[in-house]
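In the two complexes that follow, subunit A is the common piece, with subunit B as its partner first and subunit C second.
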Partner chain A sequence: MARFIRSVRDARGLDAVLVWLALGYLGVFSAFPLVYNIVISLQTVDLFSLASFERPFVGLQNYRDVLGDPVAGTVLWNTIQFVVLSVVFQLAIGFGLALFFQQDFPGATYLRGLFLAGWIMPALVVGAVWSWILAGDFGVLNYVLRSLGITDRNIFWLSDPNVSLYSVIIANIWLGIPFNMILLSVGLAAIPRDVYEAAELDGAGAWQRFFTITLPLMRAPLGAVISLGIIFTLQQFDLFAALTQGGPSNASNVAQYWSWQLSFQTYQISYGSVVSVLMIVFVVAVAAVYTRSTRHEQSY
Partner chain B sequence: MTSPQIELEHVDKHYGHFHALKDINLEIGKGRFVALVGPSGCGKSTLLRSLAGLESITGGTMKIAGETMNGVPPRRRDVAMVFQSYALYPHMTVKENLTYSMRLKRKPREERDKAAKEVAEITGLGNLLDRYPRELSGGQRQRVAMGRAIIRHPKAFLFDEPLSNLDAALRVHMRKEIRALHDRLGATSVYVTHDQVEAMTMADHVVVMREGVIEQAGAPLDLYDHPANRFVAGFIGSPAMNFVEAAVAETGDAVALEGYDGAVLPLGRKLEPGRRVVAGLRPEHLSLGEPDRSQIRVGVGVVEFTGAASYLSSAGEPELTVFHAGRTEVRPGETVGLTIAPQHVHLFDPETGRRVG
Partner chain C sequence: MRLKSCIHAVAGLLASTAIVSAQEVSLDLWTIDDPGEYHYVLAEEFMEKHPDIKINVRTVQFEDMVNDLARAVATGTGPDITYIDNPEVALFASRGLLMDLKPYIDKSEIVNVEDIYPGPLASVTYEGGIYGLPRGANTIALYYNADMYREAGLNPDNPPKTWDELYEAAKTLTKPEENVYGIAFSAVATEEGTFQFLPWLQMTGGDYDNVATEGGARALNFWKRLLDERLASPDTLIRGQWDSTGTFNAGSAAMSISGPWELPRMSEEADFEYRAALLPVPEEGATRASALGEGDNVILASTDNPDEAFMFVEFLYEQMPRVWNEFGYLPASDVEVSDPNNAEIYAVFEESMKYARNRGPHPEWPRISQAIQQAIQSTLTGQAEAEAALETAQQKIDGVLGD
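This part shows the complex of A and B:
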């Protein structure tokens, strides 16, 4: 024991303790659930066998069942739209705002800070706020649209199957803009000012500076923001819970919400894990791209 | 002198309440190498950046090659700048860095390659064209920054302390190289530095600035021989000039130093007797001698040797520094005599700092 304490005091032992603590945490709370999830997806699990490890092994049958489910196609297409539209608009608006606040004008930093307000709010609260904005009969958005004469009857944002998914996407874009803006602002601030000045003297106009200096130098931050955006969007659960619950009739259902519904509403736990395993595979691929893009960060 | 390439008339620059440049008047002839020199915050960099168009002036006119440049954006001024940080494009190879301006003008590839090769030849970057800036040493980056300017054949080269990030030996080497390049290209150069040695050795016209004002402008040796005021006298020359309060003697053709037993220095010129002045004595003009047969008697405080020369500092106040070429047997604590020729005694007004006589 005395030897152990001594080895902790002389840093070498301490290093080991710290490493094992971190690894232990990851093992218990990440690796184990991940592997256990994969195991479940290959077994038949019902409420009676939930507590035991010995369950009938069915191979890929669960995967066949899930992918054969008529809902699967809708959910996949919805998920693709949700991720692509959210990330594209979050990025475009976030980058635009980051460039805007990069200009030197009074109060730029304060205004930029205010944008963080949306980000620090819990997504459930954001969902509640948006459910009032989007409410069909008393919602603010309908009121605004009617006042402006853009529409003459209420749009049922959350209960019309044609628009419910886009309502969640709009709320999610709003939620993701601050994160995109802040991360890209940091990237922009890291580009030395005199590089722009040199380009200006070399004859580059504003657009040319953007395309030949800003964009290439922002490759790493943009890659990071896109990858993280995809991952965060695939984790977006609260907004669906608060706004549409995936409805009406799966019109706005996406993989992460469907997985939860299967596991904890209909108790088809194996099917729920199948969906999450498929998502994990995709997220791991995105994460690999992300780590690659951060490795290529520019040095000045 | 040929027609002026750069003309500044009554140029003013305010940052809010801060008056950064005050009524700057300057003419720079074509093919000249002009150094702007002064302590930090004197406005030399602001002046250079105003020439580049990176800062806008708030008053006066600024002309480059006869054209008024007030309000003209940097990319339409046809001047090239070498930055202190080099400001290379980190995501481009050396070749791409050099030819960036040509690509913006959509020059054909063959022309760009040819120009890049020529410039690489001139600047000694021959085999580095495909490297990225991060793979280069400080001196090589400096050459790329210069090459990027040269390739454009601009109306003027602007240098913003380009050597201050290099080590001492390389700095001395690059000094000569930049000057040689300037001569070879027949360029007009404006060179900002806080290092008066750099200014003196490289430029054919030195502009000394302080607090937004041009204190004196002229040929390097003119500034050294006839400093217009106490600031310029103290700024030009290394080690710095000694200043001693003094009074003009009854005869009017000598000054009596204060604090050195009334040591009297002949002037070889007539001044108003009794007038209070500050005498400026350059360390290299004070020669060592026997105490009894010299003008000034001083106790020696510190003696430093560099091998080629010795530096003596007096023990008394105000301190006198003496530059002695070669070695000396004098040791701290001894008393020595100092002598200075009349034409080397500079006199300044104690109030205004202006040169007297």
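This part shows the complex of A and C:
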């Protein structure tokens, strides 16, 4: 006992305790659910066999069933569009705004703070607001477009299968911009001023400064923002629930929503797990890229 | 001596509390109601009549009920009595999780199976057993704006009786320049879409297990025509019945297909004369059908107090004549409702109840329902022809039924 207390005091024991605590936490709250999810995806599981481990093992049959479902192709393509378009536009607009607020003008910091309003709102509230904006017959957006004479017929943003996915993407881009902007602002603020001054003295124009200084020095923050953006986008569930429920006719269905539908609407829990396992594989790959990009954080 | 009497007194006290607690039976009840609604009100009344029975009411969100119940049953923490939506009874009954009430009903002086309408009775029947008692019912009918009928030169005393008449009326009543659609209904990709579509299919002779029929395609094409010609809003595809009827209340649709649950809000929001009519049939003389909604009071097989639980469920059933005026459901059995609210509309729904058919029953109902929803949605969005969409649905349904 005395030896134990001594070992904690001299910090070697304490180190071990802390490490084990962290490992224990990760084991219980991350590794176990992850493994459990994989196990479920290989068994036949319904609502009533959730609590027991004795379930028929079917191996990869669930994967074959899910990937063979005609909806799978639509969902995959929708998910790709949703992630790529969301991340590209969130990043482009967020970066643009970050650069804009980097300029010294009165009220810049306050305005930048105001942009966070969107970020602190729960996604379900955002969804409700956007569903009023995008409503077909009485939506704000249609009213504006018609008043400006841009269209003469209502666009059914949420119920037209050719449009509904893009409507959710627009709402999601809006939701993600503040996060991108703030993280990139922090990155921009960390670039030393004198580098720009030196470049300016050497006659570098604004574009040249952007491409030869800002962009290379922003590599790490950009990598982080892109990876996190992909992960957040793949987590986006509430907007689908509030706006289109994946419809009409799966036109705006994406993997994360489909997984939920399979698990909790038709109670095919193993199929829902299959979709989430496939998503985890992808997210792990993105996370690997993210950790690599943070390793270079101190490079300048 | 004093010590001894003291011990006696304590022992006596303990014994008496033991007797009291043995008498007091406590029942857990799960419901989708909020305080002030059906289960809360009636549990209070029951406890007043039976002070020895305590009922603990707990609200569960409607959409969480099946999941929460399944989880609770799996971990042995389920309630004694719960509300279950009609099509889910078979799911729980097939797993042996519900108590068969038949032996109790046979002895009961209050419950008489013959009084229960065929639809609600089918919803609680599974393989010969009776696994619950309906708390009430609802069904759908055609609401219409009598003022708009007059304005358009239609006779409000003669609402559409056939699909063709419905189409003509919708066409006459649609006024795009005023943002008024002829009709509102729901083709949303949830259970509500199935709920609205099944009667149309059933009127043509089909049912949930037989969807790929000529009549089914005719019904779907009829819906498609309403949308394609903009006699109904394209948002019909993503809007539930409540929101669709909201547009009717606001005067943006001249007719709406929905149920009696709309009436409290309609009486507040609609500043026009509204009436109701039976769902139109494919052609004169065709079989009628209507949807069956609401749910059932069921007792879980795991209950420790089946007798008391049945007493309560029986008491709930006994209140059937009150449900329309006090809670807004239609009676699920043939009872006399004295002085009903909205008497004329009540008469229509009461008539409609006779044609209301259960969804299923089948333990895998959600999968069957989803196949039907997908057929509706892919047809209405023009991704597939009605026949092909129904054929796909039939294959999926056959797969489920064959399992």
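Note that in this section the second predicted complex is superposed on the first by the 274 of 300 C-alpha atoms of A that agree within 3 Å, B and C clash if a C-alpha of one lies under 4 Å from a C-alpha of the other, contacts with A are read in each partner's own complex, and residues count from 1 in each chain.
Operating definition for what follows: a contact is a pair of C-beta atoms (placed from the backbone, for glycine too) under 8 Å apart; a residue touches a chain by one contact, two chains touch by 3 or more.
Model, not experiment: these values are computed from the prediction.
A.B. asks: Taking subunit A as the common reference, can subunit B and subunit C both be placed on it without clashing, or not? Answer clash or fit.
C.D. replies: Aligned on subunit A, subunit B and subunit C fit with no clash.
A.B. asks: Just to be sure I read the superposition right, which of the two partners does A:T212 touch: subunit B = first, subunit C = second, or both, or neither?
C.D. replies: A:T212 sits against subunit B, while subunit C stays out of touch.
A.B. asks: Would you sort A:D194 into first (subunit B), second (subunit C), both or neither based on which partner it touches?
C.D. replies: In the superposition, A:D194 touches subunit B alone.
A.B. asks: Consider the C-alpha centres of subunit B and subunit C from the C-alpha centre of subunit A, and write down the angle between them to the nearest 10 degrees.
C.D. replies: 150
A.B. asks: After lining up the shared chain so the two structures overlap, which partner does A:S147 touch, if you call subunit B first and subunit C second: first, second, both or neither?
C.D. replies: So A:S147 meets neither subunit B nor subunit C here.
A.B. asks: By residue count, is subunit A touched more by subunit B or by subunit C?
C.D. replies: Looking at subunit B versus subunit C, the one contacting more residues of subunit A is C.
A.B. asks: Should A:D202 be classified as contacting the first partner (subunit B), the second (subunit C), both, or neither?
C.D. replies: So A:D202 only meets subunit B here.
A.B. asks: Once chain A of both complexes is superposed, is A:Q103 in touch with subunit B (first), subunit C (second), both, or neither?
C.D. replies: The answer is neither, since A:Q103 touches no partner chain.
A.B. asks: For the overlay built on chain A, what is the smallest gap between any CA atom of subunit B and any CA atom of subunit C, in Å?
C.D. replies: 52
A.B. asks: Between subunit B and subunit C, which residues of subunit A are contacted by each of them?
C.D. replies: The answer is that subunit A has no such residue.
A.B. asks: If you look only at subunit A, which of its residues touch subunit B in the complex?
C.D. replies: My answer: residues 192, 194-195, 197-205, 208, 212-213, 216-217, 219, 298-300.
A.B. asks: Where on subunit A is subunit C touching in the complex?
C.D. replies: Against subunit C, the touching part of subunit A is residues 47-52, 135-138, 156, 158-161, 164, 244-251, 264-268.
A.B. asks: Any idea which subunit C residues touch subunit A in the complex?
C.D. replies: 66-67, 70-71, 73-75, 95, 97, 179, 188-190, 233-239, 247, 252, 366-367, 370, 374, 377-378, 380-381, 383
A.B. asks: Over in the complex, which subunit B residues touch subunit A? Could you list them?
C.D. replies: So the residues of subunit B touching subunit A come out as 52-54, 73-75, 77, 79-81, 83, 85, 87-91, 100-101, 104-105, 134, 148, 152.
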